[in-house]
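Here come two complexes built around chain A, the first alongside chain B, the second alongside chain C.
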Partner chain A sequence: MEIFSLLFNGIAEATAVTTLLATAFGAIIGLIIGALPGLGPTAGVAIMLPVAIGFGGVPALACLAGVYYGAMFGGAVTSILLGIPGDAPSVMTVLDGHPMAKKGEAGRALGMSVFASFFGGMIGLLGLVVLSIPIANAALAFGPTEMTALMCLALSLASVLGGRNPFKAFVALALGFWLGMVGLDPIAGPIRFNFGFIELFDGLDFPVIAVGLFGLTAMYTSFGSEVKKEAASFKYSNLFPRLKDAISAKWVLLQGAVIGVFVGVLPGVGATSATMMSYALAKRISKNGDQFGTGVPEGVAAPEAANNSASYSSMIPLFTLGIPGSATTAVMMGGLLMLGLQPGPLLFSNNGDFIWTVFGSFWIGNLMLVFLTLLLTPLLASILFVSTALLYPAVFATVIFGVFAIEYSMSGVFITILAGIFGLILQKLDYPPVPLILGLIIGPMLERNIRRTLIQSEGDLAVFVERPIALTLFLLTAIVLLLPVLKRLLNSRSKPVSPDPAQEIQSKT
Partner chain B sequence: MVTNRVDQLFAFFLIGLGCYIVWTGFEYGYKRDTTPGPGFFPVIVGTVIVALSVVNLLRSLSGAESFEDSMELSEILKVAVITLGLLGVVLLTEYLGLTIAVSLLMLIVGFTANPSHERGFLLRLLPLCIIFPLFLKISFGTFLDIPIPVGIFGL
Partner chain C sequence: MNCFGLSTIRKATTATGLAMAASLLVATAEPAAAEYPEEDIQMIIPFGVGGGSDTLARTIANVIAELELLPVSIQPENRPGGSGAIGYTSVAEERGNPNVIATVSVSFFTTPLRGASPVSYKDFTPLAAISISPYIMAVASDSPLKSLDDVKSAGRLTTATVGAVSDPSLLAALTTKALDVKIDPVPFDGEGEALAAALGGHVDFVFMNPSEVLQQIEAGAMRPLAVSTANRISVLPETPTFKELGYDIEHAQLRGLVMPADVPAEAVAYWEGILKQVADSDAWREQYIERYLDEPAFLPSADYQKKIEEMNSGYKSLMEELGLL
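Right, the complex of A and B next:
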C-alpha cells in the first residue's frame, strides 16, 4: 500500500506545469517520430536527449519518457493507415490494422490501437511500480561480485538474443567495451586510447555516441524514403474504440499486457519480441483466431498492448539495478547520468521523491497520449506526406544544435558524425548496435567491479563463484552463451516451419 | 557481392584493431603484482575482438554468411554528401557561427534529398533554412542558456 501512496504523491508532484509541458512536448515529438517510417523510439530518444536535458530534473526525464512511449503510440498510425511500420515494435500491428483500414475501418483500428496502447501502458506501469521496490531492495544486498555476475548475464542476453549472428553481436559488445575504456583509467590512473586528443581525456561522452549511432544512422538509412502509398481514409467520429470491441478483446488485451511486462524486463529481448509472442498467443486463444491477418480488432489489440507494456517494464532493470536492457533505456540511462543521478537500487532511497515524481509523470503521460493521439492522428498522417527534403534538414539542424549543447564544443559534433557513419557500416554488415551501446555504458562499471574485486581478493578468481547468487547468475550466463549452439542443434533436427509473419511484413515494406 | 567484400574487409580491420588493443593493453600493464592493471581489460577485450572477427571472416569467406547488396551507389553518394555537409558545419562554425553553418547544412540536405529547382520547392526550403536555425538559436541560446558560437556576421 505504501507504494501506491508514494505513487499518488508522485502523480500530484508531476502535475507541476513545467513537468506537464515537458511530458506533452516529449509525447508529441514521440508521436511524430514514431509515425515517421525509419525513426523509432531509440532514434527519437537519442535525438531529443540533448534538448530534454536542458529542461533539467524531472521535466527532462518526463520529456524523454514521453518521446519513448509517444513513439510507441505513433508507430501504429503508419502501420494502420499505410501498412508501413513506423518502427519495429509496430510491425505486427500491420497484419490486421492495415487490412481493417482497407475495409474502411481505419478509425476503428486506430481507436483499438490507442485503447490497447493505453491499457498495455497502464499494466506496464503497474508492473514498474509494483516490482521496482522489491527488486531494488533485493539488489541492495548485492555486492560487487553479484553485480558483476548480473551485468555479465544482462550483456550476454542482449548479445545472444539481440542479433541474427551472435559472433557479430559479441564483437559489437567488445567494441562498446573498448570505447568505454577511452580516457582516464578509473583505478590506476593512466589515460587510455585517447590518441593524443585532450578532448578524450574524460572519455567519450555517451549521449554524443548514442545520437550518432542511433539518431544519425537512422536518418541516413531512411533518408530519401518518400511515402508514396495512399493513406486509408477514416472518419473522426469512428476514431474511438467501440465498447463491444474492447470487451470482446479483454483477454487478448490482458495477455498482451502481461506478456509485455515479463518480456520487456529481459535484456535484449525488447518490445518487438513481446508483440510477436502476444500476437501468436492471441491467435491461439481467440475465438476469431482463424481470422487473424484479415483485419480483426483483436489482431491490433494484442501487439499494441504488448509493446506499450514492454516499453514501461523495460525500465525496471534500469531504475532498480542500473542495468539498461535495451538501446532506448541505455540512452535514457545516459540522460539520468547527465542529470547527476546514478540509476540503481540506491536511487529509490537517495532520490525517492525524484523517482516517484518521474513515475507519476509516466502515468500522466500515458493518459495524455490517449487524447493527443486521437487529436493529432490527422496531423500525423499528413506529416508522412511532407517531403524528406523539407523534414530532414530540420531534423539534422536540431541534432547539430542538440549535440553542441552537450559539451558546448564542436568536437562532440565531430564524434557524433563518426559514430553515425560507424553505425551505418555496422547496420549494413549486420553488427547489432544495441550490444555496442550497452557495452559502452556498462563496460566501465563492469571493469571497475571486476578489478576492485580482484584487488580485494589479491587476484583470486574463485571470489566470483563463492557466493550462491553470483554462482547462479554465472551459470545462467553460461547457459545463455550456449544458447546459439543449442538453437543450431535443435534447428538441424526440426523440419522447416512456415515463415515468420513479422519477417514477411518487413520484407514487403 | 560488394557488401560481402566490405564485410570481409571490415572483419580484417577489426582483427587489426583487436591486435592494436591487445598490444596497447600490455603496454599499459596487464597486471600489477597479483592484481589486474590498466591493461587487463583491454587485453581481454582485444583478444575477444580478434578471435570473433577471425570467425566472422572465415564464415564470410566460406559463404556461411552472405549479403545482398543493400545500398545503391546513389544512396552512398547521398550519405557522403550529407557527411561532408556535417563536417563542413564543424569546420565553418568558428568563422560563420553555428546558426549560419547549420543554415548551409540544411540547404545541402534539402537539395541532396530533392535536387530540384522547382519554384514551389525553393519557396518552402529557403525560408525554412533561414527561419528554423534562428528558431533553434533562440530556443537553445535564450531558453536553454547554451552559449551558441557566433561568427563574423554576429549570428
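Right, the complex of A and C next:
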C-alpha cells in the first residue's frame, strides 16, 4: 500500500540525528512533565513551544509531539506509585494502579501501564496513518446533539464506578456537576458560583481538583496513621514488569485503544473522557470486573491504552482538517503556524514529506518510550521502599510546585489544598471520589451540548431522537442501563435464589 | 519607575500651567528621549502560554529585539487567570509607570463590563495599534447560502461562536440588525470546535479570522461571503465587504499595546515611534502579518483611544442585549 511506503519513508527520514535527538528530548521532557502532579500535556507542550520552535522544521514538531505522548506515558507513574494523578488523563489509572503498588506490585503495575501505553499508542498511530481521513470526517458528523448522546452513554457506562451505595454515588456525582459549573457560563455568559473571587472566573481546573482529591487526601489521611515499614515484605520480582499481564489483558487493551481512537478524535472531548469510558467498559466486560478497584492489571491497562491512543487520534483533525480539537492540539497548531506552515485540509498535499516524517518520529518516539520506561520501572518502583515519613513531604512539595506551575499562581495551590481537605471529609463520610471526578469532567460537556442542541433546535426536544447517530447512542445507553435489570429478571426466573445484595445495588446505579 | 527626568516633568505638568509645561517639554524633550527607557520593560500577558494573545505579545517583543529598537530589553510575563482580570489589573495598578506594557484582547473590554474586574479600559493609556484582524463570514462549501442575499432571505440561521461574548457574537448581533434575519449564536469552547461545527453542517455559518478559516477556503471546504473590514482584505481580494454590499457592518479586532493610565506623554510618543517602526518592518510583516494573515495597519495613540472607546460601547450594547448587564 502506498500509505505504508510513505510511512516507511517517513520513519527513515525521522532517523536523521537532529530529529532523533529532538524526539528523545521531547519524549523525556514529556515523561517528566506528565509525572509531575498537576502538569499535563497541555502545559507541557505550551512550556516547550518556544524551545521546540528553535529546532525548526521537523525536529520542532517531533519534539512537541514527543512532549504530548511522553506525558501520556509519564502520567501513570505518580498515579500508580503515589496515588496522585500526574495529569488529567491518568486519573483513572489511580483506581487500580495505586492499590497494586500498595500490595507491593508497583513494578507490575508500571509495566502494565507501559505495555498498555505502547499498545494504545500503536493502535492510535495506525488510526492516524491509515484511517485519518474517514475518522476525521466521521468526527465532523458529531454535533452537539450527538455529543449529548455520547455523554449520556459515557455516564451510563460509568454507573458501575459508583461503589456500593448508589445514594452516595449520586450525591458525589451531583457535587462534581456543581463544581463543573463554577466560573463563566460558556453559553449564556453570566458568572456562576465564583463567590466573588476573580480567580474562580475561569472555573476550576480539573487537574488541580483531581490532584487534591486523590493525592493530598491520601497524604492527609496518613497524618493520622502510624508509619509502618511494610515495604520489607514486598517481593523483589514484583518490581519488574510482566509481559504475561499484557497478553492476558489483550481484549481490554484492544477495547481501550479503539475507544481512545474514536473518543480522542472528537473535538472538545479528549483523552480523559476516553479513559473513563474505557475503564468502565472494561469493568463491565472483563471476567474480573468485580475485582476492579482492588488492584488488577486490567484496571491499569484499560485507561492507559485509551489515553495513549487518544493522544495520537486527537492529532487527526489537526493534521487532516486543520482543526485543533483539544487545548493541547491548539497549542501545537500555534507551533505549526510559527514554523510557517498553514494547518488545514491542504497541509498533507502541500507539505506531505514534512508530515510523514513527523508521523515517522511518532513511531520512533513510541518505541523509545517503551524501552526508557521499562528500564526505569524497577528503579521507580523501588520508591516504595522509602518510608512515607520521608516520601510524603517531598511529594507534597512536588505537588504544590506542579500545581503552582500550571498558571504560576497561588490560587491553584489553595484550591488543591482545599480539594484535599474536601476529599478527606468525603472519605470520612464514605462518599466515593470517582463519581465526583466523573461529574466534573462529563458534567460541563453534557450541560454545554444539551444547551447548544436546544439553541439550534429552538427548544425542540425531538432532535435528540431524529438524528440517527444520536438515536443509536441513546438506544445503547438504554441497553447499558437496562441490561443488569434484565439479567436479574432472567436469573430470578431460572433459579429463584435470594438476590445478591451487591448486584442489586449495582443494577440500581 | 525611577526615571528622574520623567517624574519631574510629570509633577511639573500637573503643578504648573500649560504654557509652563510646554516650555519645559520643549526644553527637556531631547534628554528625556535619551533617558527613557532606562529600565527593562515588563510586558504582562494576561493569558496562558501558547494562545493568541501570548503569540502576539511575544512576536512584538521579538521584532523589537531583532531590530534593536530599544536600549533595554522587554521581559514578557504570563499572568493568566480571571479571563484577563488578574493580568490587566496588575498592569493598571502600576498607574503612571511607563515601564509596563500589555496587549489588548477582547477580554480587555468584556471582563470589566461584566463587573468581574476592578479595572476597565479607562485605567490604561493606549500606545498604538499595529495590525487589524478582520473577520470573514464563511459557510461550508455545500451550504445553500451563496451570498448575503441568501442569508437575508433565510429566515433563521445559527452561527458558531467562541464563548457567549466575543467578536463573532457581536458580529452576529450586527448582522441580525443589518440584514433583518434571526441569527442564533451557538457558543463553543474553542475555534477548533466552532470550525468543526461549521464544516459538519451543525451551524449555518461562522465569523472567523483569516488565520482560522483561509486554509479551509483555499481547500474548497468553505466559502467566504463577506468580510467585516472597511476595505477588502489582501488575502481575499475577491470577497466583498459588508459595506460594499450595502450593509452597515464594520468590526475587526485591533492588535495594539497599552500602558497604565497617567504615564507621561513622552513615553506614549516614544512608544508610538517604536511601534510605527515595528509596523513598517519586514520582520513584523514576516513574523506576524503573513503568518497570521492580519491586515497591516497603524493607529497612533489618539486614534487607537477613539477605537477602544468605540469597541467598548459596541461590546456594552451587545451585552445589554444579551441581558448580561
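The rule is simple: the second predicted complex is superposed on the first by the 265 of 509 C-alpha atoms of A that agree within 3 Å, B and C clash if a C-alpha of one lies under 4 Å from a C-alpha of the other, contacts with A are read in each partner's own complex, and residues count from 1 in each chain.
Criterion: a contact is a pair of C-beta atoms (placed from the backbone, for glycine too) under 8 Å apart; a residue touches a chain by one contact, two chains touch by 3 or more.
Since this is a predicted model, take the numbers as computed values, not measurements.
*Asks:* On the A-aligned overlay, A:Q342 touches which partner chain: chain B = first, chain C = second, or both, or neither?
*Replies:* After superposition on chain A, A:Q342 lies in contact with chain C alone.
*Asks:* Tell me the contact category for A:W251 with respect to chain B and chain C: first, second, both or neither.
*Replies:* In the superposition, A:W251 touches no partner, neither chain B nor chain C.
*Asks:* Please indicate which partner A:F262 is in contact with in the superposed arrangement: first for chain B, second for chain C, both, or neither.
*Replies:* neither
*Asks:* In the superposed arrangement, does A:P190 touch chain B (first), chain C (second), both or neither?
*Replies:* In the superposition, A:P190 contacts both chain B and chain C.
*Asks:* Looking at A:Y408 after the superposition, I want to know if it touches chain B, chain C, both of them or none. Which is it: first, second, both, neither?
*Replies:* It touches chain B and chain C both.
*Asks:* So, does A:I455 touch the first partner chain B, the second partner chain C, both, or neither?
*Replies:* In the superposed model, A:I455 contacts both chain B and chain C.
*Asks:* Take the contacts of chain A with chain B and those with chain C, and give the residues found in both.
*Replies:* In chain A, positions 185, 187-190, 408, 455, 458 sit in both the chain B and chain C interfaces.
*Asks:* Residue numbers of chain C touching chain A in their complex, please.
*Replies:* My answer: residues 48-51, 55, 58, 78-83, 85-86, 89, 111, 114, 116-117, 156, 158, 163-165, 184-193, 195-197, 199-203, 211, 214-216, 218-219, 221, 291-292, 319, 322, 324.
*Asks:* How about chain A: which of its residues touch chain B in the complex?
*Replies:* 51, 54, 165, 167-168, 170-171, 174-175, 177-178, 181, 185, 187-190, 192-193, 220, 223-224, 387-390, 392-394, 396-398, 400-402, 404-405, 408, 410, 413-414, 417, 420-421, 424-425, 428-430, 447, 450-451, 454-455, 458-459
*Asks:* Applying the document's contact rule, which stretches of chain B touch chain A when the two form their complex?
*Replies:* 3, 6-7, 10, 14, 18, 21, 24, 28-29, 31-32, 34-38, 40-42, 45-46, 48-49, 52-53, 55-56, 59, 65, 67, 70-71, 75, 78-79, 82-83, 86-87, 89-90, 93-94, 98, 102, 105-107, 109-111, 113-114, 116, 121, 124-125, 128-129, 132-133, 136-137, 139-140, 143-144, 146-149
*Asks:* Inside the complex, what are the residues of chain A that reach chain C?
*Replies:* 45-47, 49-50, 139-144, 184-191, 198-199, 201-202, 267-268, 317, 321-327, 329-331, 333-334, 337-338, 340, 342-347, 407-409, 411, 448, 452, 455-456, 458
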